[in-house]
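Listed next: structures, encoded as structure tokens.
Two complexes, one shared chain (chain A), two partners (chain B, chain C).
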Partner chain A sequence: MAEKLIIKAFGMVAEEIGQSEIWLDSVSNTQELLAILKERYPGLEGMKFSLAVDKELVSENQKIDGAREVALLPPFSGG
Partner chain B sequence: MDKVRTPKNIFVQGAISPEKIATSIANHSTKTEIGGHSIFLGQVRADQKEKGEVVAIEYTAYEEMALQKAFEIREAVFAKYPLTCMHIYHSFGEVKVGEICLFVFTSSKHRKAAIEACSELVERIKAELPVWGKEILDSEEHVWKKNS
Partner chain C sequence: MMDRFERQVILREIGTEGQTKLQNASVLLIGLGGLGCPILNYLSAAGVGKIGLVDGDLVSISNLNRQTLYGENHVGELKTDVASRIISKKYSDIKLEVYPFFLNPKNAFEVISQYDLVIDGTDNFPTRYLVNDVCFLLHKPLVFGAIFRHEGQVSVFNLGENACNYRDLFPNPPSSMEVPNCSETGVLGVLPGLIGTLMATESIKVITGYAEALRNRVLFFDSKTYQQYFLDLKPNAVARNLIPKSKKELEQLDYEFLCSGIPIISWEEGLKSSKVQWLDVRESHEMPKLNLNNLIEIPLSEFYDLNQVQFNSDQVFVYCQSGIRSQKAAVKLKDHFPHKEFISIRGGVNAYPKN
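Moving on to the complex of A and B:
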């Protein structure tokens, strides 16, 4: 059985979805993950954010089979 | 002999105190091969926003990724410039206006490497570390900080 995937949300994305962690059953790729999240949290639709799979930023659709965590990262604003 | 470097914690709870900065400078007096230091201090600014004036910034981070990324940046900058020392501290949690939230400190034999490395570090930290600032307003509303 596939392990559960943890979705970590930060900044304004966490604020929009009202929590900083969501557990999901296995998801095959980042495109599918985004579709699930946007259906569940329609407010994400117009938001700008990147994805990191196991702490590596992804720029296009990527497999997430076997990944442990995916982070939803709004534009960085440190410093 | 080259030291093997590993990711260090760069996060400091709350503001970075002027005393910490002074101590950090003093700690270099025994490293007598150093001829120049360069220091950047980020300070929380009282910006006027639509819904009020900024009174503090609350920082959050994707800590594990930020520390890994900070380590990569550190290694790249060490490889690019002949530096003796490099220190990076970033606040976590609340920092009030007028307080210091970022401290970047580079040292080298000659000034140029220290100055250029410090500047490059600040730019990369702001662009590449998964850190977010929530600007708290005097109206008790908040806005999410945007880096220019």
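Moving on to the complex of A and C:
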């Protein structure tokens, strides 16, 4: 059975998703993951956030085979 | 002999050496809001010798749930005035400098260069990116913290070799449309208290070498669950390229504009498009005039009355002489005509292709 992947969401992204953690069936790469998330949560389209696979930022499409966790990290401006 | 700092001097990792470092430190605190209040309280209590206070804002009644330096009796006063009065009354040995204005690309270098450590307690993206870029160019350690509703982020930038900065985390500024601020979303008063206290802790770590600062790591903290998430940062070459290369280049940048979500394109890209409207925002005496299809002229000095203006295309390409005023104009126009797309032309008429 394929490993499950935990998605940790922060700030506005968590609000859009409605919770700060969701589990997904394994996804092969970050592009595919974003497509799935944006289809499920259309509000994520146009929202700015960084993406980290197992606590390391990724800037391009990256394989997430075998990864345990992906974090969706939006910037905060408040002070 | 007992003194004010006895309880921290007897900490082995601080000692008299650490206390001397605090006494000799000069720290610039940018923003005297929810984050700035606890930071100032704790750093002045810890014996930091010199603190610069930057904020152009006045105390308002809606600040009081979280900005605990101020009370009802301070409403309407400059935050820098109130804060420096309160702190200098408490501690006779502290040197405070006040900068009762907001930082911008023209004044930021001058202020920041006079300090050893910078703390970003601001509440908006244009200033955060400005402070980050200036600190990067000046190699100044920067303690960063930011909040959103019940969450916070903390990190330390530009500390030591191969150090990361805010651009490595978020390369491009988001527009204010994409991320609302506290005044729009609400915040529990204790959240900036918690995050500001973490920032003060990081500052003391940087100054004294106590424990390990959050260098190349970012803490994400959730005050509802107390969950923490640590992200490791690495220098990102692409993001570094977005930082201006020099003081001169930075001074030409409009950070408000960077966060406005308005695109900039070159003449070459612009001239390829059809069905657009061109807008010249130069004053009528500025030369040479360009011969473009579907061109209108509205000098920036006449922007106070935009109600008379009509555009016949959904896409408007805005230009001026050098590409700076067209950015300001595009921001104002976008405000007034939110359903049209305004694009600024890089370099203005000075960069217009010769043939």
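The working rule: the second predicted complex is superposed on the first by the 75 of 79 C-alpha atoms of A that agree within 3 Å, B and C clash if a C-alpha of one lies under 4 Å from a C-alpha of the other, contacts with A are read in each partner's own complex, and residues count from 1 in each chain.
Assume contacts are C-beta pairs under 8 Å (C-beta built on N, C-alpha and C of every residue); 3 or more make two chains touch, one makes a residue touch a chain.
Keep in mind the model is a prediction, meaning the values are calculated, not measured.
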Taking the superposition on A as described, I'd like to know which of chain B and chain C A:77 touches: first, second, both or neither.
both
Of the two partners chain B and chain C, more of chain A gets touched by chain C
Should A:44 be classified as contacting the first partner (chain B), the second (chain C), both, or neither?
-> neither
Query: Is A:52 contacted by the first partner chain B, the second partner chain C, both or neither?
result: both
Pick one for A:8: touches chain B only (first), chain C only (second), both, or neither. both
Footprint intersection on chain A (chain B / chain C) at 8, 10-12, 52, 55, 71, 73-79
So, in the complex, the side of chain A touching chain B is made of residues 8, 10-12, 52, 55, 71, 73-79
Given the complex, residues on chain C that touch chain A span 31, 33-36, 120-125, 128, 145-149, 151-153, 168-172, 174, 176, 178-182, 185, 187, 192, 220, 222, 225, 227, 229-234, 236, 238
In the complex, the residues of chain B that touch chain A are 42, 59-62, 64-66, 68, 90, 101-102, 122, 125-134, 144-147
Counting only contacts in the complex, chain A reaches chain C at residues 8, 10-12, 15, 20, 46-48, 50, 52, 55-57, 59, 71, 73-79
